[in-house]
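One chain, chain A, links the two complexes that follow: it is found with chain B in the first and with chain C in the second.
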Partner chain A sequence: MSVELLDTLMGHEDRVWHAAWSACGRWLATCGGDRTIRIWAPLIPRPRTVTQMVDGVMTKQVHEAPPPSLERWSCVARLKTHLHQRTVRAVAWRHCGRFLVSVAFDASMVLWQRTSDTSNEWTPVIEIEQEGHGAEIKSVAWSPDGSFLATCSRDKRVIVWAFCENPLELEIASDLYGHGQDVKHVAWVDLPAEGESSQCLVSSSYDDTIMVWRLRGDDFECTGVLKGHKSTVWATAALSGSRIASVSDDLSLRIWEPAPSQDLGSPFISKQTISQAHSRPIYSVSHCALPAAIPLDAFVARHAPGQVPPADVVRLGPAIDAAAVGTLAAADDPPQHEGEDVVMGDAGDTGPVAEAPGPASAIIGLVATGAGDNAVGLFAEMDNGTVVPLRRHGRAHSLELNSVAFRPLLRPDLAARIPGLVDPQQVVLATASDDGTIRIWRVSL
Partner chain B sequence: MLGGHLVNPNPVVHPVTPRDAGSVAPDVAAAALVGLSAAGRAPGSAALTDASGIVTATEVFEFIRDIKDPEHPFTLEQLRIVRPENVYVLDRGVASGGPARADGTPAPASEVVRSGGPGDDGHCYIRVEFTPTVPHCSLATLIGLCLRKRLERSLGRPIKLDINVTPGSHQTEHNINKQINDKERVAAAFENPSLHPIVEDCIRDSDY
Partner chain C sequence: MSGPSSFSGAALLSDLNDFIGPSQACVLPPVSRLPSEKNTTAAPPAGGNTGMIAIEGQVDAPPTPAPPTAPADDLPLEKKVEITLADCLACSGCVTSAEAVLVNSQSTTEVLRLVETNHRLAQEGKTSEIRPICVTIAPQIAASFAARYQLASPAEARGRLAHAIRRLFGLPADVDPAEATPARIWVFDEREARRVGLAEAAAEFLHRFCAARGGPAALQGCSTVLAASVAGLPARSASGPARRAAAAAPASAGPILASACPGWTCYAEKHARAALYVPMLATTSSATRVAGALARRAVAADATARQAGRPFHVSVQMCYDKKLEAARRSGGLGDEAAPTDGGLDVDCVLTAGELDAAIRAATGPLDGLPSEQLDSLLASLGPSDCPSHPASPSNLASPASATPGSPTPGPDEDLLSDMEEDAGAGGLLEYLLRAAAYELFGLVLPFGAVAHLRRAAPTPGSRASLPLAPFTPGQTARLETRVGRNADTRDFVLLLVADADDPVEREVLTFGTAYGFRNIQNVARRVTRPARPGAGSGWDFVEMMACPGACLNGAGQLRPVDPDKPDMSPEEAALLPPPSPEAARALLRLVAELYGADAGRTPATDSDALQALTARTHAAWLAEMAWVGRAYGALFGQDAIPYGPAARAALHVRYNVIEAPKDSDPVSLASVEW
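Let's turn to the complex of A and B:
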């Protein structure tokens, strides 16, 4: 596999806290300590007109512009508002890019609307200042159907806002108390349940737990508390099959899967813990579902035994060579390598644990992590629900990583319908750092 | 300085360790901090690090000893809030600091690096322990912020810094430690218009 740096996006004047792709993958929004939001897309080169003498006559020739490439990006919009007086901590797109929400450390929130479908001009249409949270807002996430917006804060609350487009409104639907401390992150996961909406809200906290919330009647209610992490949980990401990945200050990546029955008292149970995934706190995690699963033997065959990675790329996972096929297949005997600690259903957890998984036969997705050790971690999501470390790419930035985000990978027929989507079948990862830059990477398996 | 009621009205003031022959004179330090040398390191501090620019515990202590206590016109060193043996450094695999050991060797990497890291990955790890003057000291978080701001500004390289209260010196040490090492909480605190000037005031005069 390879991780290739495509471009480094410069422009922010302070650390970049967060990066988020629009649902179609056309645009990347970033925000940070300089209190602005920037929107990026591959540069669209312009045709060149060349004037020269041909047979004594001045002639103009228009050279067609090359197609846009993933290797050259530009900032297409810069959003600034007097309302955000402090760090803008997170941004979230609603679906495919007409609405964007930004949240800040002064507890302000702004809903931005694109002025037209063809331009990249944005107007703040709703500005929330005195309402809602009373301390720094840390995260924001739209529900998959776009009807709700979740935010969370150091005030220990998770607030769910109901969104209406006509008339344009954002009103508090649920004000959720439960976490004992600062809430760091909110995300949605699709978890089907009898007679209920499948949209489930997951909040991560400084209190070391993850709470799960579901809409019951008019209000969101807590349906479970996931314990196991030994310190602050910084973020979660939804994986395939309603599973969740979480990352923490305790240096671990944990996988949770839906509980097989309601008797266990929690909607999710601990599936796997990868300790020491990084050497400093892990701040962000992102998932990418591959449109077509890669059979394990095909993947292994592509990687010759003894392939030596570059010096600053430390391989944590099992060596991808023929000898490992047997180990990966016998997943009840996890591969053990120096510096790696992969435990199935950590016995030290408080809470129910999953049964040992069956053998894995294909890679169905990718998981990326970003941490305070300046590195990106890459993991393969296997068809048996486990996650296998592939690579830790050290020195991805010169300072800590705050956010990692895979560009959404659309099915080819859907991607074809989106104009301006460059190389839609490539796996692209954005990373944002304290160094003030965002980096765009291509991941190839 | 903070006005109003003092948390610790009667601090004990201690004599300070004599400075190294190689330590920086105040006027040189002032010039240095305004215009760092091309190597990003204050001129005159070369005597405190070895020739390869590896950061040492001695250098780190030099930067923090003169930070003012938020309540009193004394330095953190004078109040024994920071001591040379409470600074641990592991820079590019070279360890220094910690209490003096009988065999003269420096503290092992495992005492510096929080956990998990190999320690030789090119990063500069620093761990500073500090002892608040009284167990109930509510200013512990403020001292933690001052230490962090001072070191992040002074060293010419990015650092991985962990600050802890000395074990046993504070009744809620786990809570304090967690707060002062939470990157997001620290960033928000530095942006806080009431905290920001206090921190700047405490570290300003240590720049001379």
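Let's turn to the complex of A and C:
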């Protein structure tokens, strides 16, 4: 497998805090300390006209424009509002692509609307200035169906806003208290439940916990508190099979899976811990589901034919196919830090723990992490619900990574209907950093 | 002492107010109390008081020792600092205040200490320094006790509480009651004071509503003593249809926002947009404070306390934030403010949970205690001796009204019940709506109308309406409720066809409820940012309450008990995990049921019964207005009227815009980014 830098996007005049792809994968929105939001897309090359002497005659020659590629990107919009007086911390696209929300450290929040389907002009249509959160807003996430918007803040609250398009309105549907400290991140996970909405909200905090919230009647309620991380949980991401990945200041990546029964008192249980996944705090995690699973033997045959698994793979237990893991761990950029432990479940203070999974036979997705060690971590999501370290790409940026985001991979038939979507079946990763740049990476399996 | 452990599981008020613990953001001590500390590097003092915050609840009470519950590791300040509740009110470092400050400054321990002090003063012959103790019981906590101890009604709970409170705060056992001065503890029902508070609030509403819409001309209905408050306004519009149009036009000013909930008023005062919210707040004191003002008069008028000092007023409430409200100075409105003694209307607020713990410790659980008669706040005012107010209709039968000052020493349960509502928010919305419908449009809102509509439309998005019976032929009217995103946010809209020749139904009054912070924030945003420039928010009045489900769900209410261990003390219960949301909801339902049983009757919807109920309500309302006139005469002098100068001085609170700490403050965290 390989990870290849395609382009470095420059334009932000301060650290870049967050990067978010539109659901169609066509646009990338970023924001940061310069209080702006930028929207990026692959550069559309113009036809080139060359005038030259041909046989003594001045001739204009039009060179047809090459097709847009993932290797050159341009900023197609720069959004700035007086309302955001401090760092814009996060942005989120509604699934329709017509609405974008930005949240800032001055507790302000703006709903932007695209003025037409074809343009990249955006108007602030709803401005919320300290009428929700009372302190820095840290994260924002639309529910999968676009009916709710979740935000979280240093005021320890998670607010769920109900979105109405006609008339355009954002109203507080739930004002959630529970975290004992600064709430760092919110994410939605689809968790089917009998007689209830499957949209489940997950918040993570400086209090080292992850809280799970579900809609009950007209309000969201806490249905579980996931404990296990030893320090701030900076972010979570929904994986396949309603699982969750969480990353923390304690340098670990944890995987949680839906509880097999309600008797366990928690909607999720600890599945796997990868400690020392990075050498500095991990700030961001992203997941990408592969449209088609890659059988493990095919993957091994392609990348490391005949390789013998290293001996220490044994400590991973019988859970993961030993040969496959050995192969994966031997990827081209080996971990810079020794002692990457993969622990199945966790007998510590996590509460109920998942049973040991059966052997994996295919890779169904990818997980990326971004951390304070300036590195990107890549993990394979296996069909048995575990993740396996693939490689760590050190020096991805010159300063800390604040955000990693996989471009959504669409089914080919859907992708074909989206104009301007370049190379839709390619796995693309965006990273945003304190160094003020955003980088676009091609991940090839 | 019962600490934060007595917070109810369903109620989130206390949790949500405690946005930021004192360790993180109580900016006050370093900024204004210890200016010299910033630059010193002195070692922390040796001994156990490092990091303690001593609480000074009030100026004239004995000094309170450092609370034992303040954990030292929560408070990194190196010097002993003092934060008073008044400081919390004046600061916007956190949205309301830290619970530790609230809980410890006003406690049963403090009242018991006063009991001892009083006893000592009596022995020393210093009668004039004795502070007689009087206690008012909020109706919401009576329902909570009734539900917790499976009593038949809140009235029964009140009776037993009267006994328990007189025992609890009574004299030490070794004192001969004959020698004691004063010998009694007064126990009052807050609902009595509420009759005055609601009338004052209604007069304020009418005054402000009419001031925004053409002066006295907006009064199209029947006139009672409440209308006197409007008479002084300059007339602005013409007569006839123009007058009617003026009354139906949307007000350009924002709605009037209720101010009875201290959680909401503190939020409003300290919010970044406080300058927009504060002018919309109603200024009439909450029933809690009105009770304080009246109780003080009632006690002072009593022969046994005549020689004593200023009464000490204890209020038993459903909510911890009421402690913060109690620390607010009285003083009335601006230029009309009469000279006051600068004292507090309420000296000490105890929550139901705190009182329950103290009663259990002193006398055992409430259900094992006998019942006693409460004292009457109003009987001792003697309004029956006063001539009726000139503006009051004097010759009306008063079927539902008890004669004030009747020989019964206790308050009249029947009459108070008719004035009751069932949401537990204090009845402001229903009373104001009834007063406004009557004064502005001549419509009588039957008792129980609001409760009926709440039950008829319980689910988000639903509607229900109740026909009214106008006096004017050709008119039709109805009251409609429209539920919003949840049952805690709904509108009550008065719809009127004023003229048979012009059969257009107009929305003439829109009152809203916003219970719980999620709804408060939505309303606050809508009233300060209208959808269209110049357009109103659509509301004339909004009842803003910080707790979801309003005050019955207050954080100071009794917690559910473990059905297997019904006799567990609050201390034991505190060691267990918090009750499940299901248990908390079930208890809340029971409390609401009992509270509703205490409340008004459900209106029948068939027209004959409705007519009868309307007539009965009408008569009772007029009798109540007549009583209000007499009560104001007795309280504030013969010509006193609701929202008149004397009442504005005594029964109003000034709310202030409180600036946020500046970013440049060294202790402010606003410049930290992570």
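As a convention for this text, the second predicted complex is superposed on the first by the 402 of 445 C-alpha atoms of A that agree within 3 Å, B and C clash if a C-alpha of one lies under 4 Å from a C-alpha of the other, contacts with A are read in each partner's own complex, and residues count from 1 in each chain.
As a working rule, contacts are C-beta pairs under 8 Å (C-beta built on N, C-alpha and C of every residue); 3 or more make two chains touch, one makes a residue touch a chain.
Because the structure is a prediction, the values reported are computed rather than measured.
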Next on the checklist: Quick check on the superposed pair: does A:Ser261 touch chain B, chain C, both, or neither? Answer first, second, both or neither.
Outcome noted: neither
Checklist entry - Given the touch rule stated above, what does A:Leu251 touch, chain B (first), chain C (second), both, or neither? => result first
Checklist entry - Where does A:Asp218 make contact in the superposed view: on chain B (first), on chain C (second), on both, or on neither? => result second
Item to check | First, second, both or neither for A:Gly372, with chain B first and chain C second | outcome: first
Next on the checklist: Is A:Tyr177 touching anything from chain B or chain C once the two structures are fitted on A? First, second, both or neither.
Outcome noted: second
Next on the checklist: Just checking: does A:Glu129 make contact with chain B only, chain C only, both, or neither of them? Give me first, second, both or neither.
Outcome noted: second
Checklist entry - Is A:Gln52 in contact with chain B, with chain C, with both, or with neither (first, second, both, neither)? => result neither
Next on the checklist: After the superposition on A, what does A:His278 contact: first (chain B), second (chain C), both or neither?
Outcome noted: first
Checklist entry - Touching A:Thr87, do we find chain B (first), chain C (second), both, or neither? => result both
Item to check | Contacts on chain A seen with chain B and repeated with chain C across the two complexes | outcome: 86-87, 105, 136, 154
Item to check | For the chain A and chain C complex, residues of the former touching the latter | outcome: 86-87, 105, 128-132, 134-136, 154-157, 159, 162, 167, 171-175, 177, 217-219, 221
Checklist entry - Can you name the residues of chain A that touch chain B in the complex? => result 15, 33, 86-87, 89, 105, 136, 138, 154, 182, 184, 206, 231-232, 249, 251, 275-276, 278-281, 283, 339, 372-374, 394-395, 398-400
Checklist entry - For the complex, which residues does chain C have touching chain A? => result 12, 15-16, 19-20, 95, 271-273, 460, 485-487, 516-519, 521-522, 524-525, 531, 548, 581, 669, 673
Item to check | chain A partner contacts - residues on chain B that touch it in the complex | outcome: 113-118, 121-123, 158, 160, 178, 182-185, 187-188, 191
